[in-house]
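Below are structures written as structure tokens.
In the two complexes below, chain A is the common chain; its partner is chain B in one and chain C in the other.
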Partner chain A sequence: MNQFSFDSRLKNILIGFMVLGLVCLGITFFVDDELHTRFWTNYLHNSVFFTGIALMSLFIMAAFTTAWSGWHTLVKRIWEAYSLFLIPGLILMLVVIIGIWGHFHHLYHWADAEAVAADPILQGKSSFLNPGWYTFGTLIIVGLWILFAVRIRQLSVDEDANGTTDYDHHRKIRIWSAAFLPLAGFSSAAVIWQWIMSIDAHWYSTLYAWYTGASWFVAAMALTILTIIYLKSRGYLEKVNIEHLHDLGKYMFAFSIFWTYLWFSQYMLIWYANVGEETVYFLERRENYPVLFYGNLILNFVAPFFILMRNDTKRKYGTLVFTSIVVFFGHWWDFFQMIKPGARTTAMEALAHHAGEHGHEMIAHGEMGAHELPFALGYTIPGFLELGTMLGFLALFLFVAFDRLSKASLVPKNDPYLAESLQHHVEIHGEEGAH
Partner chain B sequence: MSAVVSPIREPLIEGGKSYRQITEDICSPTESAPNVAWIVAFIISVAALAFYVFCVVWTVWVGIGSWNLNRTIGWGWDITNFVWWIGIGHAGTLISAILLLFRQKWRTGVNRAAEAMTIFAVMCAGQFPLIHMGRLWLGFFIFPYPNTRGPLWVNFNSPLLWDVFAISTYFTVSLLFWYTGLVPDFATLRDRAKGIRKNIYNFLSFGWTGAAKHWQRFESLSLVLAGLATPLVLSVHTIVSFDFATSVIPGWHTTIFPPYFVAGAIFSGFAMVQTLMVITRKVLKLEQYITLGHIESMNKVILVTGTIVGVAYLTELFIAWYSGYIYEQYAFYNRVMGPYYWSYIGMMSCNVLSPQIFWWKKMRRSIFVTFVMSIFVNIGMWFERFVIIATTLARDYLPSSWSYYTPTWVEIGLFVGTLGLFFTLYLIFTRTAPVVAVAEVKAILKSAGDQYLEPNARHAAKVVKEEVETQA
Partner chain C sequence: MSKENKDVLYGLYDDEEVLLKAVDQANAGHLEIMDVFSPFPVHGLDPKLGLSESRLHIAGFVFGAIGTLTAFLFMTWVFTRDWPIIFGGKPYWSVPAFIPITFELTVLFASIGMVVTFYTICGMAPGIWNPILDDRITDDKFCIAFDVTGSEEAEKEKLKSFFTASGASEVNTKTI
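Entry: the complex of A and B
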């Protein structure tokens, strides 16, 4: 079957999960502190995570097209569908932006004019970290990504109907793809700094944007593998064979190691130089959030490294599905540990400050809280509400993706590389044999 | 028999070659007397090498005081050259290991020469830390073993020691990888040779007969070495970057250094491959094996890595401002506006701006532009290391010790001399070994030879027809 039909049963299941997500978000809102920190961090966490997966899907597609890779042709409709989640992603981020302007949340220390006035470091950054740039940067940059995603998708779908043997469509896709690569390289860093790094508003690291990008990349690969195996189980994508999955598995394996490489580079250099302005970030996580800190490495390095090292584990559904779930969850966990500790500290300071107007007793309580940071579900580890919220967002992501997927053939039949992808066959030793 | 190949792929072997012609074309340069151009180039290279030896002796005899390093600027041309050469020594193993994993068939045309270049570049790089010790004969102190010197142990906490391990491992694996590929090709040379040449190549080819068992072991070994070499390509320049980034010197201590150094290394490595390939393919008449398509692919790699390096430069500048840390801010202000502003301009224009002309296909396929650009990149990457090292050191924490540094003739002589060493080795290589991997090129003939383009495209169309169109 080359045409995916998004049937009502699947729709209902996904809508059910979206409702679950909404319910979880709602409960979080009401059990929260007065700044609704847990609610807003959960919202930001999932919005950023899934928008990033959409970005990376577009990036992967653009990179593969530019590199004349060919073998991925049978898979590319999935990435096209994923990349279109950038549109809802922008809407999700708009809610965060509205929250900044309306002071509905306290995610960002730099958005608090009073705090900035008392803080020379934040003042120094205020020409970049301010609501205006946050809004403008997000709109322009994600807007540009959407432009590329939509244009590449249009060309690709049009190729099915009007593609010719001079491959003019493909030539245009290649131009758009190549242009997207440097654009994504430069612009993703800017939004990553604003969306996530600026939560720990004093802290900085030059590697941060690439580290975050690598995390998105692995999550996108894992979700791709899971989607392919799901679609195959439903009788779709029958031409996608174990060779394609093997290659995707290799990407998941290699980029898990690459992510670890970036993790290590960032951590080790900061640990070694021991500059207080930088170590504070990791010290906080290692001492107060050990489960998050070490769990991150177990989920995203130890598990994929040891499971996928063997050749045959990348060629079996069981191990592929298991590892994909682990690293997808793992990178979601990674974003959790990037966002929660900083936002929590900001909120505690704000609460303590707020309490200061009422009485000394509460200051003492607030300060004690800020220094000891006791175990708290939803902060030191994800709780059930976080898991429910994540499933809700995942369902939204898949709903959008499946809806887009059903709008075009699963097989891009006039793609010049289609034959290579259909006959994809890799010898153990890497050379493709002549048939 | 034909392969399924997309109709839009370019051929990688031109001229409708047969297997016999491939052997003939690639092996014959090693079997005739060298031409005048080669002899002239060889004389110049050996002269430069001799000057190198002279400068090393001078440094040892007179002492490190014959260089212009001073109390503030303790690393100058020496470490700049070291990092520059190490960077260049990245392309070969990247091409043979990582492009193998990515199944990029164009690597077969250039991998042999690029790997040779890698090995020679690493040898050049290794000279500088040793000479920089001043007392060359104590170089063995870097090896950690129980000794009677106190016992005096190496400092395991120092990235300089990690360098020793990383580079020696990289050199060993690269050499084995290169030599493994050479074994079947040496056997081909042996089978064509007579007399003493036959004996030499017989020895070098380890008694290779081309038996199935031999190929099987060859394949297994190649796979193991590719697996080992892939992380090594990343680790070597990562650890070189640690030499700087583990310190607390503003401008050196920045977390983006490891991946950014690796990207820069691949960038400079490919530039040197281009410099050599443009000349080699012309002189040895290998234009049909190292085609414009190969050159274009490598120019694309240069464009990508140059832009990655550009992203890193701008990230560093931005985060220096963003950090709010005044010493960090000053370090970058000093890079751009300080006494060495010209080297920053050189770095930015050669590494980031000029490669952007490769957005145009016409430029990517122009031999002249490629050659000029490859020289530009080589210069730019040298400047990058000079900017990082000398500019940063020239303005340290204590304004009273700020200084300026210019090299002496000895330091310049050492750099020019390593170029002599490099080209001497490369020129010998082009005369004694097949410059293109004969066996590997033969393996892609059926899928990438120009005479097979049409049958392959027909086959591809047939596959699409059978598997997709009949279904729909």
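Entry: the complex of A and C
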């Protein structure tokens, strides 16, 4: 079957999960402290995570097209569909922007004019970290990504209808893809600094954007593998075989190691240099969030490294699905770890500040006093509300992706590389597929 | 390995697709192939020849693990027992500082161990001469070789007719 039909049963399941996500967000809002820190961090966490997966899907596709890759042609419609989540992603981020202008949340220390006035470091950074740049940067940069995502998708679908299998039509996709790569490389860093790194407004790291990007990349690969296996179980994508999944598994393995390399490079240099303004980030996480800190490495390095090291684990559905779920959850955990501690410190300072003015009862309110506990659901590790929220966002992501997927053929029939993808054969000892 | 010379009858093919079909034909005719030579790895050839998957990577893992332990335990011993020195106010047992060296030694042990293992399996060492059937099997020819030491003339004719039928561009005999 080349045409995916987004049937009502699947739609209802996804809508069900979206409702669950909304309910979880709603509950979070009401059990929260008065700044609604938990609600806003969860919202930002999931918005950033899934928008990033959409960006990385576009990036993967552009990189493969530019590199004359052929094997991925059979699965590229999935990445096209994922990349179109950038549009809802921008809407999700607009809510955060409105929150900054309306002072609905205290996610960002630099957005608090009073705090900036008393803080020379924040003043020094205020020409970049200010609501205007945050808004402008997000709108322009994500807007540009959307332009490329929509254009590449259009050209690809148009190739089915009006193109031929020669390169004339394909060349246009190549030009757009090649132009996207440097643009995505530089602009994603700026957006990552504003969206996530500026939560710890005093701190900065030059490796942070790469590390975050690698996290998105692995999550995108894991989700791709899961989606392909789901679609295959429904009888779609029958031409995608274990050879393609083997290659996707290799990407997941390789980029898990790449992520670890970046994580460690960032950690070790800061640990070794031992400069107070840099170590503050890791000290806070290691001492007060040990489960998050070490769990991150177990989920995202130890598990995929040892499971996917063997050849055959990348060629079996069971191990691939298991590792994809672990790694997808692991990188979601990683973003939780990036966002929560900094936002919590900012909120606690704001609450203490209020308490100084209005008495001491406010600081004890809610869960903000639970700083010392190694397990405080929703703060030092993700709680059930966080999981529910994630499932809701995931359902939204998949709803958009499946909807886009059903609008075009699953097989790009006029892609000049389709024949190469159909014959893809990587394993010398594998079953004979191609000949 | 036998020290005696072998008489080898071999055919050269121009294309790997032709070679794969020829191997199928040889298998169907129950001809006992001594070896197949190709300038690059040909996909799907190993199962046809009944070769099992190489276990070299298991050796690689074992050597790598030995490297990891050697580096890590040695540094631990040096910096906690033998000659403890404080570097930059860090504890004696500074795990993050050990990791780059541990990684390097893992790679070093795995790579050298695998090279030595591979050379041993293939019977290669400095000073050993490995006969080559035809120089062009390292360039653009694909070769199927049969051991015809002490074979009957009729047997050799049968093999020659197999080569002709399966599209070999050249058939030769060589004693190695």
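The definition used in the following text is that the second predicted complex is superposed on the first by the 408 of 435 C-alpha atoms of A that agree within 3 Å, B and C clash if a C-alpha of one lies under 4 Å from a C-alpha of the other, contacts with A are read in each partner's own complex, and residues count from 1 in each chain.
Assume a residue touches a chain if its C-beta (ideal position, glycine included) is under 8 Å from a C-beta of that chain, and two chains touch if they have at least 3 such contacts.
Not measured: the values here are computed from a predicted model.
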Contacts of A:239 with chain B and chain C, given as first, second, both or neither: first
Touching partner for A:272 - first (chain B), second (chain C), both, neither: both
Chain B versus chain C as contact partner of A:9, first or second or both or neither: neither
Per-residue touch tally on chain A - higher for chain B or for chain C: B
Which of chain B and chain C A:422 touches, first, second, both or neither: first
Contacts of A:68 with chain B and chain C, given as first, second, both or neither: first
Common interface residues of chain A - those touching chain B in one complex and chain C in the other: 268, 272, 274, 428-429, 432, 434-435
Residues on chain A engaged by chain B in the complex (per definition of touch): 2, 66-70, 120-121, 124-125, 128, 165, 167, 170, 178, 181-182, 185-186, 189, 193, 202, 204-210, 239, 250, 257, 261-262, 265-266, 268-270, 272-275, 277, 409, 411, 413, 416-420, 422-423, 426, 428-432, 434-435
Interface residues, chain C side, partner chain A - complex: 17, 20, 41, 43-47, 52-53, 57, 61, 88-90, 96-97, 99-100
In the complex with chain A, residue positions of chain B that touch it: 1-9, 100-104, 219, 222-223, 226, 231, 234, 238, 242, 245-248, 253-259, 300, 304, 307-308, 311-312, 314-316, 319, 322-325, 359, 443-444, 446-447, 459-461, 463-464, 467-469, 471-472
In the complex, chain A residues that touch chain C: 264, 267-268, 271-272, 274, 309, 311, 425, 428-429, 432, 434-435
